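I have a structure here, written as structure tokens, and I will follow up with some questions on it.
A, B, C, D and E are the chain letters, set down in written order, and residue numbers restart from 1 in every chain.
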Amino acid sequence: MTSVSVKDLRLSFGQVTVLDQLNLDIQEGEFLVLLGSSGCGKSTLLNCIAGLLDITDGQIFINGRNVTWDEPKDRGIGMVFQSYALYPQMTVEKNLSFGLKVAKMPKGEIDKRVARAAEILQIGPLLKRKPSELSGGQRQRVAIGRALVRDVDVFLFDEPLSNLDAKLRSELRVEIKRLHQSLKNTMIYVTHDQIEALTLADRIAIMKGGVIQQLADPNTIYNAPRNMFVAGFIGSPSMNFLKGEIALGAGGRPVFVTEGVSFSLDGYNAGEVLAPGRKVVLGVRPEHVKVDEPAGASGEVHKAVVDIEEPMGADNLLWLKHAGHTMAVRTAGSRRFSPGTTVRLSFDMTLASLFDAETEERI
Amino acid sequence: MKKTAHLAEVPASWEAGPRGARPRRLLSTRTIVVYGTLFVAAAYYLLPLYVMIVTSLKGMPEIRLGNIFAPPLEITFEPWVKAWSSACTGLNCDGLSRGFWNSVMITVPSTIISIAIASINGYALSNWRFKGADIFFTILIVGAFIPYQVMLYPIVIVLREIGLYGSLSGLVIVHTIFGMPILTLLFRNYFAGLPEELFKAARVDGAGFWGIYFKIMVPMSLPIFVVAMILQVTGIWNDFLFGVVFTRPEYYPMTVQLNNIVNSVQGVKEYNVNMAATILTGAVPLLVYFVSGRLFVRGIAAGAVKG
Amino acid sequence: GHATDLEVTHWWTSGGEAAAVAELAKAFDATGNKWVDGAIAGAGGTARPIMVSRITGGDPMGATQFNHGRQAEELVQEGLMRDLTDVAERGKWKEIIRPASLLDSCTIDGKIYCAPVNIHSWQWLWLSNAAFEKAGVPVPKNWDELVAAAPALEKAGIVPLAVGGQPWQASNAFDVLMLSLAGKDTFLKVFGDKDTEAAAGPDMAKVFKAADDARRMSKGTNVQDWNQATNMVITGKAGGQIMGDWAQGEFQLAGLKAGEDYSCLPGLGVNEVIATGGDAFYFPLLEDEEKSRAQDALAETLVDPKVQVAFNLKKGSVPVRGDVDLAAANDCMKKGLDILAKGNVVQWTDQLLSADSQKQKEDLFSEFFANPSMTPEDAQKRFVQIIATAE
Amino acid sequence: MSSNARAGRPSRLTRNLSAKIASVPMMLTAVVIFLGGTLWTVIYSFTSSKLLPRLKFVGLDQYERLWSAPRWLVSIENLAIYGIFSLIFSMVIGFVLAALMDQKIRFENTFRTIFLYPFALSFIVTGLVWQWLLNPEHGIQSVVRAMGWAGFEFDPLYNSSIVIYGILIAALWQGTGLVMCLMLAGLRGIDEDIWKASRVDGIPMWKTYLFVVIPMMRPVFVTTLVIIASGIVRVYDLVVAQTSGGPGIASEVPAKYVYDYMFQAQNLGQGFAASTMMLITVAIIIVPWAYLEFGGGRKRV
Amino acid sequence: MTSVSVKDLRLSFGQVTVLDQLNLDIQEGEFLVLLGSSGCGKSTLLNCIAGLLDITDGQIFINGRNVTWDEPKDRGIGMVFQSYALYPQMTVEKNLSFGLKVAKMPKGEIDKRVARAAEILQIGPLLKRKPSELSGGQRQRVAIGRALVRDVDVFLFDEPLSNLDAKLRSELRVEIKRLHQSLKNTMIYVTHDQIEALTLADRIAIMKGGVIQQLADPNTIYNAPRNMFVAGFIGSPSMNFLKGEIALGAGGRPVFVTEGVSFSLDGYNAGEVLAPGRKVVLGVRPEHVKVDEPAGASGEVHKAVVDIEEPMGADNLLWLKHAGHTMAVRTAGSRRFSPGTTVRLSFDMTLASLFDAETEERI
């Protein structure tokens, strides 16, 4: 059953239309991540679902109920914010119970819920403290707790981790994942951190300029991006894009040619015919290029020169000059290459992507 | 090899060279300029207060003879006593004392009510914007520029029509009206500076307009309330025009007595009594400043400075 | 009945004035009611707006001072003031109040709306005998002698003529010069008939010339309030002052004796006419029966002969009725009474001109007195304009 | 599921109802008092109302008279001089003091209190004190003369040509403390790194203030400007307390003209005409600014 | 030759001593990164070198000259700030030239320098714009330009990239690296982002509480951290720490034992004798554990259960339960494991670290 459903949503601030004709269905228990760069409308969409923004047109359903004009509190949602948004003058306990008290819930029930949330999030010892006496991670945990006690079906997260440092971020990421696995609520999670998106999501909606570019599971998004935007947005460093065209290679099989260098396309699973002469862009992820290793299926070997080496501990990132392009390639952290040396590359076309140069859509 | 070369070239100056904190001459040019200017300015600001105090402690003969800056030869508190309890206006010879409680009675409710209303306005304007709200606000801000005297007549008429003319409530309303533009501006800016997510979180929690205001916003806004309080206490306490136009004699604030004492000249001006009366009248706002001046700057920084 | 509180507003706050008001209050309290004093300091200009606001705002006081004349005219027309005709008839005010013009000023459409309390005459020159002694010149007998004595006074470090900074002082000093130097006819033609030709005429030019002298002589006064200026005369810092009869209260309070310590010249010693301006009390219409009765009682008290005497002696003004015994009056007041008895009276500008025209005149003369670069001719031209638009 | 459609849409009026109700006092004040009062004033400025407002229209008579009244012209001129100088000086003095206070000085609290305390005093008190200090017989002039400079002249309140500056001195004394506070708050809001960058660049401090910091403080200057300017237009009490407009009419200001003609001269029409002129002046300056600053165009601050 | 040299530096704010007895020598042309968590004193140290803070004790030399008491502008340094600190009302051009103009440099020279900086940083087309009309990355480039035009020997960077989003950050990182390679100036770079530190630095100084914990090249820092703080600080996710003790294993060779599970230490290059019974902590990086692959040199095989899987595109992070610990292990992004399955692990001890449990120092 769909848990949250957005129909033909339009939202304008005065003259500026931020979201237009947006449709989105989220299944019950699903963890949906909204991913996109700053200003693309992620928070706006989330706020519309929460009822914090009055939509201009369209409808919103939560659990099959039309909540388009309901107050936020009546929608059965809980929300967690980037800046925690804890009430600074209240203790953690009061922060958690505030909403319930407002709703005139009996004291016993409130205590029970607070205790449960505190247990799940392991913030029991903090209950008497004020937010200013908590660390960033603890604050965010309390903020999640505030959504938790409301016992709602849908959790909304607006970049909950981006105020935390890298270490805490990865810790809390795991915790949220665990929370979802145990609660099985529907969760909608806004972020612009692709690692979060890839690790947490059941499905990812990638947004750009208020439009959902692709809505799919992380694997599909990563390996079969629908267009160049999605392809370039996901993955760090970005997918390498080589501009060129289709030609006929040995045995009449289509090959990709750029700057006089040709790449066999054997193994690439194209959705359309690869007509020779068509202008296309070949996308290859840095980790899908092998350096100085036995050649792949096609047996093709490319030579490239190391430009810059970026050792990052676990990995070693190489920036290579090849076929007139600068190309990023990821190797194991233990391998070292000095700038200027020539290396042999081999490409795995089963994992590459081809895009139409004009429409930028995947072929 | 490089290392030895480097070691060989440095040691000569190594220990000898500058070390530790940059030496500070006690009286660098900069210090002299900064403190010099500050002290000169402080003198300009303090001079009148000094003259007021000194004069209020002198007897009339000494004032007539001496120079105003000279300290009193013979300190007398008589002017203070007279100003407080026996200076005459017309037939009433009980000095400022009769106005003091009136001023308190006017200032306290006026301050509270005007701040309450303005803070709610600011809150509505920054968090619950509705169509047209900005128009009202713009009118209000323009209203801040209208001389009080111009509005006197219309307000007399309005108060007469609602039957509150001459009552204390009428005066409270007047103070609320005239405090509204600047206070609303202050509160609006302050609330706009608070994280919006806090407001959203409270809405998701189900708190309504008033719930958010009382439980979330007010407890977070001490500095701006202090600023508003200081501005209003000073303004209302010092007000003369409204106090005299919109009330009757039994409610006249202290400033009316001050005006009367200062302007009822009996032969020569009793400067010492005038000065004592002046200081006494200003004492309450001055006290408020001295007590909460630090919060004032903080609140100003939080509420006034963001355009 | 039992005591009723009646709030009375006025602007009598100087020493002599306050003492005089105390007499009124005492007499009123004696009727079994209670005088609640609502003094507002700072002269009529400050006080009147407050009074008018209170009356129009629907929270009137029990009684209020105005200069009788045209100040309260519209309030009466608007029906905000109490009709005192009954009280007046009972007290036979028509018969006792002298000169009759006083009551005329209180009468609108045949009804009486105010109780006059005193007659103020403006046309006095007060001189400090000590100052002239110090300068080594005889005490002047008239305006021209004062002008002649000015250089000697100046040499002795004495300001020949004290004119306070409040605009009405300059304006009234001019009016006095005008009545005294140009005479009653011109005065009435200009202010009564608003005759611009007379205003532009040579007689008036003479007055402006005299005003120019007055301006020169007043240089260095540097005080605001009239009684501070009077005080300069009392202490011998100034030679003289053109001021109304109330200045006398200040001399008295300072313990000075008329004739010995100071001299007074009605009509500047030139033209012994006095004008019958004065103060009166008006009674806003109240709904409370008891208060209305107290108002009647106050009105009666105000014209009571004993009260008249007590009040006017302290205030230094002349009673509104001819039938009282003023044996206690001093030299100067007697001079005034004589003139009054001779019938050398004229209406004063309060009665002749609207407050608006008065204000414009004040603006003109306060500027003239403060600004030496304004020629008498320019001033006269502007004066003519004011008269042309006056009502 | 989509059939229960858009029916639930609540009416525009009842949305945000509490906020609207809570804003009623503000709306009433804005509409009835400020807007209504202004309109009322403008309408009656075309009448010949005397002591009481009456609808006897006389066209532009009151305005003609107003603009031919020397006192009004002097008032306008005074306001212009006073306004310009008071703006310049309070900004400059306030800023300089704030900049000095921002030098990590000792006794900051004491200095701040000293600069700010006059703001706690009313204009009546301020006027009185400065009248006394500037009085040639008692005040500064006499003290300096007593010290030997017999020819020393400093009597601004009794000299028509400079009296407005005498008022200015008192006004600055009273008001610069607040400006200093505003400026200080603004300075404290400047990014610390800007200072560091300019030190590394070797830019002298005064140049950093002049070319970098002051331009960055635009919002503070705007707020300050509003506060000072609204005070300037309304200046009244101070003049009354210090000089009553004298000597002569040399220190008259428009607000006093309005008050005097409305109440002393009992010529409401004239007073209203003067008010209207003041309002128009204010409106010309303020309305476009207020609209830009607070009106629809801009987003949340 | 040493370019920057800090001797016995002490710095106190009133009572609080932030830096104490700090010594640091930086070679000419070296790229030194100061890395540490928030509040450890990195910016303070940088500001001391720049002369923006008055030091309490000690000396600072730049290019062999004692600059301890010199003004910042006389030290021959240029500085770039996190918040860019551009002069907001000046155009880019003025921002670059303002300092030079104040120094009364001839106009021709100024223009030359600005042009050169603009060319190096490719901000030529932006010269007429104001900072508010620039993107974050462009602003930071201008800020670097402002240091560049001063033609100084030493560049100081205070977290220059932390206000930028991930994508821009990695782009500018490469640019700064290139800049250093072409200019060969000494650069001191403060960050709390380890990727930046690892990729940019010639040497990294890891700080904690005002004390430099380790100063070494990135490779050493990553593979042979001097203590547990350094080991835990670098690497994402963190090194796995297993608490246990040394025991004697087969053949009398020392082994590591925790919760009854023993790990061969063959191949570990200990600096001290591994006395049996000594309490130690074994540190293993997530990417140094092999999952379901042929066993390593020791032939030892460990079994573990998958708890959570975090697919991150190029990699797949597994959280495993093993020997009573939760352990992070990194595998290729293309491999998938469902929670609950049992996997075989093998460890490469040549890349592991052993720490004394008490002193937390590397053994």
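Side notes on the structure shown:
Simple rule for what comes next: contacts are C-beta pairs under 8 Å (C-beta built on N, C-alpha and C of every residue); 3 or more make two chains touch, one makes a residue touch a chain.
Fair warning: this is a prediction, and the values are worked out from it, not measured in the lab.
Think of each touching pair as a link: the shortest run of links from chain A to chain C has 2 of them.
Of the two chain pairs examined here, B-E and B-D, the one linked by more C-beta pairs in contact is B-D. Among the remaining chains, C is positioned farthest from chain A, on the basis of C-alpha centroids.
Centroids built from CA atoms put chain D at 54 Å from chain A. We define each chain's centre as the mean of its Cα atoms; on that basis chain D and chain E are separated by 55 Å.
For this pair, chain C with chain E, the centres built from the Cα atoms lie 92 Å apart. Counting partner chains per residue, chain C has residues 49, 56 touching two or more of them. The set of chain D residues touching two or more other chains comprises 15, 259, 262, 296.
Residues of chain A in contact with two or more other chains: none.
Partner chain C is touched in their complex by these residues of chain D: 50-52, 65, 69-71, 135-137, 155, 158, 160, 243-250, 259-267, 270. Note for the complex: chain B touches chain D at residues 34-35, 37-38, 41-42, 44-49, 51-52, 55, 63, 67-69, 117, 120-121, 123-126, 128, 130-131, 133-155, 157-158, 176-177, 180, 182, 184, 189, 192-193, 196, 208-210, 234, 237-241, 255, 258-259, 262, 271, 274-275, 278, 281-282, 285-286, 288-290, 293-294, 296-297, 300-301, 304-307.
Only residues 2, 5-6, 9-10, 13-14, 17-23 of chain B touch chain E when the two sit together in their complex. On the chain D side of its complex with chain E, the touching residues are 191, 193-194, 196-204, 207, 211-212, 215-216.
Within the complex formed with chain E, the chain A residues making contact are 37-38, 165-167, 170, 173-174, 177-178, 181, 192-195, 198-199, 218-219, 222, 234-238, 285-287, 308, 310-314, 317, 319, 330, 332-334, 351.
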